[in-house]
Amino acid sequence: MKYVEEFRDRALAERLAATIRAEVDPARDYNFMEFCGGHTHAIFRYGVQDLVPANVHFVHGPGCPVCILPIRRLDDAIELVERHGVILCSYGDMLRVPASKRRSLMSVKAEGGDVRMVYSTLDALDVARKNPDREVVFLGIGFETTTPPTALAIRQAEIEGLTNFSVFCNHVLTPAAIRHILDAPEIDPAQAVRLDGFLGPSHVSAVIGSEPYEFLSESYAKPVVIAGFEPLDVLHSVLMLIRQVNEGRVAVENQYARVVTREGNTRAQALVAEIFERRAAFEWRGLGSVPDSALSIRESYGAFDAERRFALSAKTSREVKSCECPAILRGVKKPKDCKLFGTVCTPDNPMGSCMVSSEGACAAYWTYRRAETLAEMAADRACVAAGLEDAA
Amino acid sequence: MKYVEEFRDRALAERLAATIRAEVDPARDYNFMEFCGGHTHAIFRYGVQDLVPANVHFVHGPGCPVCILPIRRLDDAIELVERHGVILCSYGDMLRVPASKRRSLMSVKAEGGDVRMVYSTLDALDVARKNPDREVVFLGIGFETTTPPTALAIRQAEIEGLTNFSVFCNHVLTPAAIRHILDAPEIDPAQAVRLDGFLGPSHVSAVIGSEPYEFLSESYAKPVVIAGFEPLDVLHSVLMLIRQVNEGRVAVENQYARVVTREGNTRAQALVAEIFERRAAFEWRGLGSVPDSALSIRESYGAFDAERRFALSAKTSREVKSCECPAILRGVKKPKDCKLFGTVCTPDNPMGSCMVSSEGACAAYWTYRRAETLAEMAADRACVAAGLEDAA
Amino acid sequence: MCLAIPARVTALHDDAMATVSLGGVVKTISVALLDRVAVGDYVLLHVGYALHTISEAEAERTLAMMAEGGLLEAEIAEMADGAGEAA
Amino acid sequence: MCLAIPARVTALHDDAMATVSLGGVVKTISVALLDRVAVGDYVLLHVGYALHTISEAEAERTLAMMAEGGLLEAEIAEMADGAGEAA
Amino acid sequence: MESIDREPGRRPTIRPDERVTMSHGGGGRATAELIRRIFAPHFANPLLEQGHDVARLERPEGRIVVSTDGHVISPLFFPGGDIGSLAVHGTLNDVAMGGARPIALTAGFVIEEGFALADLERIAASMGAAARRAGVPIATGDTKVVERGKGDGVFITTTGIGVVPDGVEIGPDRLAAGQAVLLSGTLGDHGVAILSQRQGLEFGTTIRSDSAALHRMVADMVAAAPGLALLRDPTRGGLSATLNELVEGTRLGIAIDEAAIPVRGEVASACELLGLDPLHIANEGKLVCICDARDAEPLLAVMRRHPEGREAVRIGSVTAEQPGFVRMTTAIGGTRIVDWLSGEQLPRIC
Amino acid sequence: MESIDREPGRRPTIRPDERVTMSHGGGGRATAELIRRIFAPHFANPLLEQGHDVARLERPEGRIVVSTDGHVISPLFFPGGDIGSLAVHGTLNDVAMGGARPIALTAGFVIEEGFALADLERIAASMGAAARRAGVPIATGDTKVVERGKGDGVFITTTGIGVVPDGVEIGPDRLAAGQAVLLSGTLGDHGVAILSQRQGLEFGTTIRSDSAALHRMVADMVAAAPGLALLRDPTRGGLSATLNELVEGTRLGIAIDEAAIPVRGEVASACELLGLDPLHIANEGKLVCICDARDAEPLLAVMRRHPEGREAVRIGSVTAEQPGFVRMTTAIGGTRIVDWLSGEQLPRIC
């Protein structure tokens, strides 16, 4: 595949790794947050860690829309199926995510709920066309990347008069979340991690452009490199960040220039603006309520808004108590810091969303680096035990 | 089972058979029509023929409501399923009966039509209760025996306000058919069979009583014995008929006195009269249009009449051309006279209803007496061939 | 069309329903078509409904007649008058 | 949430639909989010929609930079100014 | 069972709300977990513990036979058994009908999404128990999951492997006029037990399925009369299908006597109620044996020593007359053909 | 196939409007007719013509093995095969993975009411052809019909019987550090061919299922290296499930090299499109062989002589390090664990 294989070339990877090794300052640490789960996944799937020196750390951010969706919203989706009898169309990613009471869309389906996996909003529209007697709700999740397809579906439904189609909108916004993480007061300062820079969103930026990140360098003095999702893109971007740090520069650089421009896809932006508006605030798992961080459907398209269309009951959805997803999503803990990791919580029996999404940090550690992680956990426990003995 | 096993006793059967053998006049033939398919079935299932002398002949009548239902009515039932999308509830007996174009309710179901077998109209009502969003039609077939349960179901639906329930009424009346057979002009006189008496209906009479058959002795001078359906009842009734014939008497006698009275079940009769009215005429397979021979639902219960509720298209339903069911149902031919019997037409691939219903004469000959019948057919063919050779 | 069999009523319920036993097989049926029925009665069961009660006396008489090799001479006149009698 | 891959447009259809090829795999997608697109263009495909076109020139430039072991010295100043350029 | 865990023992309890999901059929860890939790504990045997997708048996002493049957019964649980024990007995019996000693079973499950794990475990437990009672291991298996609405709870296909002792030559080609036709007990118990539970037909009865493994009785029969001609289990289609299959298209007939055929009172009553014929109804623990007339009594004596054959009787003979037909002397002394079923037997009102 | 007609030959043509009805499953004449029309002509072989529910095989020379698999694939017909050929190949391969020569197959069909007879015949023809090509008879079978909405066209459970030559001892207990891991060809072709046809995912591709019988290649491999340790076919769950099953919970690990694993370009592309990993995708004509390192090249040479093994390569080794894990050197030279699938692999957008 063109524009894919070239960016997985082993010789080039070794060359980039050598340059990084040559340029890092061994006397310091480099903490770079990859905001996007897509980067997290690429790093783990290709073992990028093995190619960078030990003092270059990847801090995994909240950029996985599956992971940050509060359990309450998933419970609402289940209520749409079970109480309102709708056909719920969802991307495959959401099907195994745990809701309250050990349930998931997959288990709801197994119990007879009409949950259908779709690959595209085009398919969800088709389901609505083929089931005119049923209410069909598309579970809209995702960042700016995934919002325009939802917007187009709503517009298409209006054009066709598909009155049985609506969207349960959970689309969220990237820059607000990054800003939130950097606004330290809202995060436990004891846990706060010093970030030396950001691997900036890749495909989000294809839509919104690089301009929305400029506040990071301007207001927060953080280096940013918009980075592609292939492993060489990651290595390249890390090198670019190291150079900014070493040189004391602070800029928004664009490693992913083959797709990302400063202004992004303005047509898509206009479409989104026509159909959606900002929510005053939205609950993010891990981050709490984040102002201006999500979209809802405008009143003018209210007929297609499942939240207006169906009464959703008040509910007290509770996360699994010991699940550390929230801290992991803020970048202040790692999966190995969760005592459920690998014992109670596995991908077969996930306690938190981070163990389900292939962009989730827990899933990444489990799937691609379990051996090392379990060894580290054992070592940590040994240290603690040793410490206790010493103290005794 | 009490009142069943006693009437299948071998010693008693032999005793009755001996009496019959002793009393028949060997110089003459006795042709008795058993109107009811129930008698036909009992005769064949128990091999009653083997216990009576060769000059006592059973002539099989049209008393099988499955057999006499014109193919057009079944095509209408299929149309209810396929064009109107109803759930059609039917007794098991109808499922394999051939409709036009080699179809049947069974094949319609296999193709996705919602056809459900019920054991009782109570079950059909239940289907209607459980599917309030669907139209549920009960395919009402049967003689006077089976009509009261249909009537009760309609009354119950009215009481409960089950507005999605209706009946496609094909209930027919026995005495009118017997009269029709005896009104020779309407039947090809060359084929007419001289009947020496009737085995009168058994369970029909439980409902309507024996009185409605008195016209047979009064106007047509035919002996009648209302006969139970167990094999000893048949033997006993045959003996009673032989005695009437031998003695030159003509009466309606009641062998089945344990169930049948002269007046029958007046409560059931009143209920039927409340809900149904006579059709001016109804098409019987084999008999053609027979006046006053069937029921339809009264206007006052019209909401429960599937014929009023659903527009049924005009259709040209055609029987299989060489099928001799019509002549067999009039008693003027036997299954062996049909050249399709056992070759093209078998219960697996029935060409006519008489090969499907377990009360049908063709099914009875096939299922219980195939060996003899095929041998007779071969002998008949040999005679014809010999005749042709002689002629040449 | 008239498959019907004798069953003994073992209990009567609301809504003109009854439990019957047929040689040990138990079934819930409707007795709404009968004027009167009592526990212990035999009824003729057809498509879930009792159509008529069964006269034990007539049943015995019929069996007796058969055992005599047909009609009892004494019966002939009576039968010729019309139908017999059921409970 | 942003699994998206490069695909080459091989045909354009009505209703802003297009056929694309991804290393031999053929798929019908929507190009309604693009201002303009031509047969032969590479686009970034996400959940059945093209999100953006891909700049072949920028791709080559990035590969060349990587081959040089990171940024070309000449690029640093330019990149620092802001974002690059895609077709 | 590609991956039966090699350390059984720890078995987490099944929660009542746990259901089979599509994940359980993915072939990954969830599949292995399902097998480990549900099947391994109940099926435990050395063959299964080979931990291989294929089970290796020892070198058999004799010719081997194989038979397979799919089980699609509804309801899954019924008086006298369930689909699990039935799937074991049914196939053991088919192997035994070859005159063989069953040595191993395989089990293939097709499970509908949403099926309760607790029910699946109940079935697995019943299968395991039936296999242990029979002394025949479930050597290997397979599980597939289909989407809700594309299955019906559980289907189980079992295959049985057996070994035929030398000298035993059982088969339809061994039929000859004059042989005796034996039946091991009452007809129709299984089918009536099932019908009594079927939606829309429900009736009360004390009848239980006769589902049982017959191979031990068969082993004794084969030992007593190694020359017996044929064994068949009159399952689906009943006695009529079994006998007709044997003679249709051949130069032989079979004559049976209705009065000799044992049918329980409640079975007869249920058949009257629904307009069915006990000769067409399925049995799951009965066999038909055809043998030289002089072996009939000794074989009946052997059969009657087993609980499964306590009511064994001779019901008729193989004849040269009316070849191709099964003929029966009826209860009242008439005669008729016993035809086999056309299609499934439907309850009827006529 | 209880009643394969003893006079085959006359086969009425199947009309396009003919469908399977419940009658075909009743066990009566309609069932026999279905078998006679659809299965008998295509499966014809002497075992089946024994006309018995149980098939008698000859006395085997060696230990026997048995394996079973249910096939529930959708769509039923796909590029490179159909459920019929797949059901034959899949089970032949499982038997072959035991180091055995397959000698017989059984086939159990569960058919949904309304299924087109013509499609059933197409499947039977494909099964029959696959069995003939493989030289292994379908010895016996069974057909059941389930109501519309309680099945999904056709499910086929096949069981295979094989004979293992003396001296061949294949099994997971034979693994040892230092052994070579060989793969017979490209990964993912079957799964991608299926996905390309699946409703809602449709994409165009020239990829065909790799469905093929491997027992002839295996026979040559076993002859060339009778001491080979293990054979496995990476079907459902893909290579990752196969390798993880072998080492999980043991003292051994497996190390493989991503760059060595052959994956066709279109397969890789389809995986990128759907967010799937080729290591998790099902194959139906590939095998993994684990052998002494010194046997690796001779075995690869044997494999490459067969069309099914033309692209055979060594992909890794058994190791003593990181026991219980499968570790892979990635395309860019990093490392990672290869985990097995949790649940079924769902197309994803993240």
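Each chain gets a letter, A, B, C, D, E and F, in the order it is written, and its residues are counted from 1.
Here is the rule we go by: contacts are C-beta pairs under 8 Å (C-beta built on N, C-alpha and C of every residue); 3 or more make two chains touch, one makes a residue touch a chain.
Which chain is which protein? Per UniProt: A, B = Hydrogenase maturation factor; C, D = HypC/HybG/HupF family hydrogenase formation chaperone; E, F = Hydrogenase expression/formation protein HypE.
Just so you know, these numbers come straight off a predicted model, no measurement behind them.
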item	value
If a chain touches subunit B and subunit C alike, it appears here	E
For subunit D and subunit F, chains touching each	A
Higher-contact pair (C-beta pairs counted), A-F versus C-E	A-F
Classification of the subunit E:subunit F interface as same or different, half of numbers criterion	same
Chain whose Cα centroid lies at the greatest distance from that of subunit C	D
Length of the line joining the C-alpha centres of subunit A and subunit E, rounded to whole Å	55
Cα-centroid distance, subunit A relative to subunit B, in whole angstrom	73
Approximate Å spacing (C-alpha centroids) for the pair subunit B, subunit D	77
Between subunit E and subunit F, centroid-to-centroid distance (C-alpha), Å	28
Touching two or more other chains - residue numbers and ranges from subunit E	21-23, 29-30, 265, 268-269, 272, 275, 342-343, 348-350
Contacts with two or more other chains, residues of subunit A listed in rising order	1, 4, 37-38, 64-66, 91, 93, 96, 106, 119, 123, 142, 146, 232, 347-348, 359
Set of subunit C residues in contact with two or more other chains	1-3, 5, 22-23, 46-47
Every chain pair meeting the contact rule	A-D, A-E, A-F, B-C, B-E, B-F, C-E, D-F, E-F
Subunit F-facing residues of subunit B, complex	96, 102, 106-107, 109-112, 347-348
Contact footprint of subunit F on subunit E as seen in their complex	2-3, 5-7, 21-32, 50-60, 62-72, 94-95, 97-98, 100, 104, 106-110, 139-144, 146-147, 149-152, 155, 157, 159, 161-162, 164, 171-172, 232, 235-238, 240-241, 244-245, 249, 280, 282, 340-345
Parts of subunit A lying in touch with subunit F, wherever the complex brings them together	1, 4, 8-10, 13-14, 17, 37-38, 41, 44-51, 64-66, 91-93, 95-96, 106, 117-119, 123, 142, 146, 231-232, 235, 346-348, 357-359, 366-371
Residues on subunit C engaged by subunit B in the complex (per definition of touch)	1-6, 8, 22-23, 30, 32-35, 42, 44, 46-49, 51-52, 54-56, 58-59, 61-63, 65-67, 69-71, 76, 79-80, 82-86
Subunit C contact footprint on subunit B (complex, rising order)	1-4, 6-7, 12, 15-16, 18-19, 23, 36-38, 63-66, 91, 93, 119-123, 141-143, 145-146, 148-149, 152, 201-204, 206-207, 209-211, 214, 226, 228-229, 232-233, 236, 239-240, 243, 249, 251-262, 264-268, 271, 359
